[in-house]
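Look at the two complexes coming up: chain A is in both, with chain B in one and chain C in the other.
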Partner chain A sequence: MQRRAFIRSLSYIGIASAFPFLSTRSFAGSIDVISSHAISVNDLPELTGELTLYLGRGEGGLYEDVLNAIKKRNPNFTLRIRRGPTAALANTIMAEAKAGVRQADLFWAVDSGAIGQIVGAGLATPLPSDLTDQLHSKFRFNDWAPISGRIRTLPYNPERITADKIPDSIMALPDSNLSIAWAPAYASFQSFITAMRILEGDKATTQWLKAMNKKAKKYAGELGVVMAVERGEVDVGLANHYYTLRLKSGKPDAKLDLAFTKDDAGCLVNVSGVLALKESKTATDFIRYLLSKEVQTYLSGEAYEIPLVGKLSPPEGIPSLTEISPPTIDLTKLADLRPTLVLMRNAGVL
Partner chain B sequence: MKSVTKNIRKVLTCLVITTSFAAFSAITIANGEVGEHVNHLSDNIKKYEEEVNWLSTKVDGIVTTYQKSGAKAAHPDALMEHWEAVDFHAAIESNYVLIYASIWQGLYAVKGSIDEKSSIANVKAEQVKLERAFWQALGAVKMAAKFQDEGLLAKVKTTNEAPKNSIEALVIIDKNIHSVVAKYAEKLTDTATTMVHDTYLNLFEGVEGELITLDAKLVEDLEKDFNVTLPLAIKNNKSVDQVRDIVTAMSKKLTKAKMLLENKAKNKKDVF
Partner chain C sequence: MIRKIIRWPLSYSISLVITLLAFLPVIILFTLASDSVQMFDARNLDILSNTLLLMLFTGLGAALIGVPLALLLTYVHIPWRRFWLILLTAPLALPSYLGAFTFYAAFGSGGEIENVLGITTPAVNGLFGSSLIMVLYTYPFVLLSTRAALSSLDASQVYAARTLGMSLLPSIWFVVLPRIRNAIAGGTLLAAMYALSDFGTPAMMGLTTFTSEIYVEYNAFGLSQAAMLSLQLLAVVALILYIESKVKVSQESPGRHLTFWPNYWQTKLLLLSTLPVVILAIFLPLAIFSLWLWREGIGHFDINYAINSAYASLLAALVAVIFALPLAYAATKGRVGRIMERITFIGFGIPGIVMGTALVYAGLQLPFLYQTLTLLVLAYVLRFLPLAVGTIRSSTESLDGSLVSAARVLGASPKEAYRRVTLPLTMRGVVAGGALVFLEVMRELPATLLLGPIEFETLSTYLWRVYEAGYFGRAAIPGLLLFFISGLGLAIMFSTERWGSTTLNERSSR
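Take a look at the complex of A and B:
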């Protein structure tokens, strides 16, 4: 099966039909997979009181912009922020809980794996259904709320290869004649390998890593991968979707297109997410602000992330999620990173 | 003495220029324990002066011993031990890492010339350069003390804080790459390499996504600098001056990046 091309259509997100089933509540069997509308901040209650947010670093200052806007809009609300790498903050929350302390009211993480770690430890507080129902049905969870999504992709150089030369199975990639760029030390890549482990098993994943290691050119980060593809150093790379969109934004004539594998880890959709660690109306209302139409549109427009609420359009240059085939996987299981790192080391990749 | 004064003046001018960017940024991790004295520079200037004089005497003693009794008797390793023993070490590392790197470069140059049994003229030439770096450093610390007294210098902290946005991240990145030169000059090659890698992965990687939409060529250049040019220069044991040249060029690109992001911030659309 050799399909694929970079689909430029901006069709609306029929997200649920394409996404894995992740929540017990989302088994509602609804055909109405998309919530009717995203709520404007104008319709949200004013925030009052104080909250402490643990904020995972990511997206430059865009999350900060969102937080500043929320603070400015709510003068009777005080937000204390502790910043750091997402994984480190997740570990801090776990350690604090072990010591019988809960300093944070909220945790906003850049990837669902860290969320899974906290949810798995039973530290997250259930969210009201009227809040989670705003999300596309496949992204409704009892204990946390995804904020925005990103897709694993295969950026390729159309001057070197055509789309039909790219396998639509990620497992077949090492057997292709393509030259490949990857960034195994990169956190998103490691989440992708975790997904592969869950979907294909450790043995197949090890074989894949070993085969790839023989032919793939290593880069430190995934923007480096995308730039290497654009320069023509390699035919194809492995990277999150937004790197390609950002490079094309800064360099409109960039020689880059996107391909997607089908129903495997190569097309994983991962998300950033937020959870509450204490029961609090203010904390819940704060999450409503993050899911508001304005914040979702801002993150999509400025960071090229995929909005997960209402009928908001994906960023320009990304196909409708109904046109791709992400795997069915419980995103919170991506927290189990240690066996992935062991496996990558054993395969000689790290 | 005249040329030393001139050099200090040059350094002070340089300090004033760099204040707007990174030289006096708050976050510094020194090589070892950072004493609280670095937050009270004026109170300690006299001590630092004494230490610089003491260091000069020690260096001179080692060079004189070399001249009279040879390399083994000179025990040039003591140069580093003496340098690490003084509080002035942390004062300059906390406040002006560029000269801190020059001191390490000078220490190893004197040691190297003795180890290689160079002519006494060559050894003394390296000694002069090292002395110059000591006095430049003292001048820089005096200027930093003045800024500190005027409240223009943030308190030195021993831990890094996460940057709030890409502009803050760029300031830390610039400081980190100058520290790479210092660590390389200290012959801590693995530390320098790790610092380059960590700065890229933990800081620059988070900035470049935003930056590439503004200037793709600039990001491409910096990507190459972080992942190829700088680590390769360290791996291939290039001279400290060559590594410093690479870092200086990177620093200029970071300044441009900072300007682009500041301009973007002015025109940023509101979230609500």
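Take a look at the complex of A and C:
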């Protein structure tokens, strides 16, 4: 609790101290040891001119801190930000394109589905390959750049159960005798079901949903799921990893631990991503800043997101991408949400 | 009869333009929905019954709290009456999803009440929880519209009833309430429509409603499906609009004001009875926010957010009232006017995010105004026009036409008669309408996010940002400011209520 408040005030009052790259060059050297590919902001060109960014869901101060630090480092650069729910901004971008009034230069979305929509509509401009090459090979795309990742996890209450009671296959979860919390209306959950649909087929997914629906307790969002696990309302939940880490950072003695399934949709790694809507060097350079090792390190340290560039280590409390075994899946296919909703409706989940 | 049809009053022409403007987003929804085949299926009946029950309970509850409070604040002589009025109206400025969230966090096992006091409280959720929270954040609709109607009632009939031996409560029930039922119905209608279109509260309380369905579609990038479902929701809107339009009142001339002078203990008791509402709707959310603030520390906060909120809300309230006056006037002039007035209500029943997107399409028709403050205020006005129209209309329609006729006989032009007779007599309705729009704009979110000038941050967008990120402590200061600024705005508005009503006061005090 104390630590969190401290970090928060630090990142606001003295942004420079939370972001070494603003003031010193010496820090950059020490990071080179962990990373071979990630580029330091010191080696990036200075940003000039003006950009308009549509930012899908703010993630509080954390993305803001990153954006403020970039602004501060580039005094000749003006960044104008519009924040909103991801789907609403995606729809706004589509409407603007239809009317021929393009306002945004960049779109940064917390959800790869929204990115898939805009890319699918042909509105994104291709990115240079030296930019996308910085990313993990699984996360390279022509028209957009993933920024940070999140893993599907099974948060559990260690006072109620032990880790070995949790099956390591997501498909086996409904057959266990655990009480479960889930948030089917939540966007990340629906992406996870889309992944399951692609990996296991519609029939198995429907059966899984029906079996789960009989025993799982519904919550509005995944923060609610994690809170319910911590309160002891249920044994185990289905949620993105960072909700658990954030709750624990505010409440270090929280009764929460994380379990992972193996090589199935249950440990899907989904990403937030950015795309450029207009051809502009400043826009691509801006994306380079987001992929810089300083920003990536900050996002993992403070927002508990998983860095996707070079060999940067994941946030504390999360095994690295090589230790867990996420399924192999084309993330842009996760934009295909509608069949998932039909399936979920037919199973009586939505 | 024929003369009546041929005559097309000026207010009709103005109203027609405004009605078309207000209906524009709905027309856009029709075009957006045209490539969807999503239809109401049998499974939706369950959801529909949840929706209808939530609407019914919200309407009933809002009336049960709003009407007695309106009676108390209009007729009873209590100390600091203006203060109580402002305090009890302010909950309308707090976004109901925040209210719902604080209830969720406060009650139940492991909730904050248990953490702090050690008392385990039952969880607030489901249909009961949603209805409770909706009522707490919508009853001011009824309170303000009822108060506006009450204050222009002539007290003589109550005195007559009392002289003839009727006791106090029956005389209020049989003599006062029937004469203002259109205002009560109008406020209840707004509360019910709010319940119909709100998403955050039922989602937090685990209740699946028609609106949750729409949000799921919207977030799955099914804009046309979301638009189609929203249009189907309009069938419910049409139904409640029809029921409300059946409520009629007789016309009468204004007269002396009714005032009760309770003794010291009665005053105490009456004010004490408002306590549950004050505690649940205002104190609880602020206490929970403050608890988190104390735990997590203050974040960065810019006072400009508050200034932006107040500025945009005042502008919107002013423009909405100007737009609403001809519509409310036209509604009392005949059937066509009445229909036009009804049409402006339709948009209020459409879920915020869908309406926000429709307004983006509408705004893009005027590219030079797109994402400017002018367009944002216009969007607010189109969304919240019914709040002003409804209140002004219900205080206009009970007005006896003979006063206007008298003014005309004495040589006043229609314009002068309106300015010097009708307007002063409906001033309370006008102010109440403006106040409702003001409060509703203070908490409006989707249109502000999508249509505001870039970097235009208000209290409600800031609250949304910190809430989404889970930094609840940072919601404390903007939450407090939301109440404070709403109070200030209301104080200014209520101080204009008596403009132009001096002649009337002279007459009634004789």
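The criterion applied here is as follows: the second predicted complex is superposed on the first by the 311 of 350 C-alpha atoms of A that agree within 3 Å, B and C clash if a C-alpha of one lies under 4 Å from a C-alpha of the other, contacts with A are read in each partner's own complex, and residues count from 1 in each chain.
Keep in mind that, in the parts below, a contact is a pair of C-beta atoms (placed from the backbone, for glycine too) under 8 Å apart; a residue touches a chain by one contact, two chains touch by 3 or more.
Remember, predicted model here, so these are calculated numbers, not experimental data.
S.K.: With the two structures overlaid on chain A, would chain B and chain C clash, or do they fit side by side?
M.R.: clash
S.K.: One more residue to check, A:R338. First (chain B), second (chain C), both or neither?
M.R.: second
S.K.: Contact-wise, after the overlay, does A:V66 reach chain B, chain C, both or neither (first, second, both, neither)?
M.R.: first
S.K.: Tell me the contact category for A:N91 with respect to chain B and chain C: first, second, both or neither.
M.R.: In the superposition, A:N91 contacts chain C only.
S.K.: Is the number of chain A residues in contact higher for chain B or for chain C?
M.R.: Residues of chain A touched, chain B against chain C: more for C.
S.K.: Between chain B (first) and chain C (second), which, if any, makes contact with A:A254: first, second, both or neither?
M.R.: Once the two structures are laid over each other on A, A:A254 reaches chain B alone.
S.K.: Which partner chains sit in contact with A:G113 here, chain B, chain C, both or neither? Use first/second/both/neither.
M.R.: second
S.K.: If we overlay the two complexes on their shared chain A, which of chain B and chain C does A:Y298 touch? Say first, second, both or neither.
M.R.: first
S.K.: Taking the superposition as given, does A:A99 touch the first partner, chain B, the second, chain C, both, or neither?
M.R.: The second partner, chain C, only.
S.K.: A:A204 in the overlay: touching chain B, chain C, both, or neither? Say first, second, both or neither.
M.R.: Neither chain B nor chain C is touched by A:A204.
S.K.: Of the stretches 91-99, 235-243 or 325-333, which one of chain C hits chain B?
M.R.: Stretch flagged for C-alpha clashes with chain B: 91-99.
S.K.: So which bits of chain A does chain B touch that chain C touches too?
M.R.: 57-62, 83-85, 185, 219-220, 223-224, 231, 246, 250
S.K.: Within the complex, which stretch of chain A touches chain C?
M.R.: Those in contact with chain C are residues 1, 4-5, 8-9, 12, 52, 57-62, 80-92, 94-96, 98-99, 101, 103, 113-114, 117, 185, 187, 190, 218-220, 223-224, 230-233, 246, 250, 335, 337-338, 340-341, 345, 348, 350.
S.K.: Under the stated contact criterion, what part of chain B meets chain A in this complex?
M.R.: Chain B residues touching chain A: 161-169, 197, 200-202, 205-210, 212-217, 219-220, 223, 226-227, 268-272.
S.K.: Which stretch or stretches of chain C touch chain A in the complex?
M.R.: 43, 104, 109-110, 203-204, 206, 212-213, 215-223, 295-297, 299-300, 353, 356-357, 360-361, 364-365, 367, 370-371, 446, 449-450, 454-455, 461, 465-466, 468-471, 474
S.K.: With touch defined as at the start, can you tell me which chain A residues reach chain B in the complex?
M.R.: Spelled out, the residues of chain A in touch with chain B are 41, 57-62, 64-66, 68-70, 73, 83-85, 185-186, 219-221, 223-224, 227, 231, 242-243, 246-247, 249-251, 254, 294-295, 298, 301-303.
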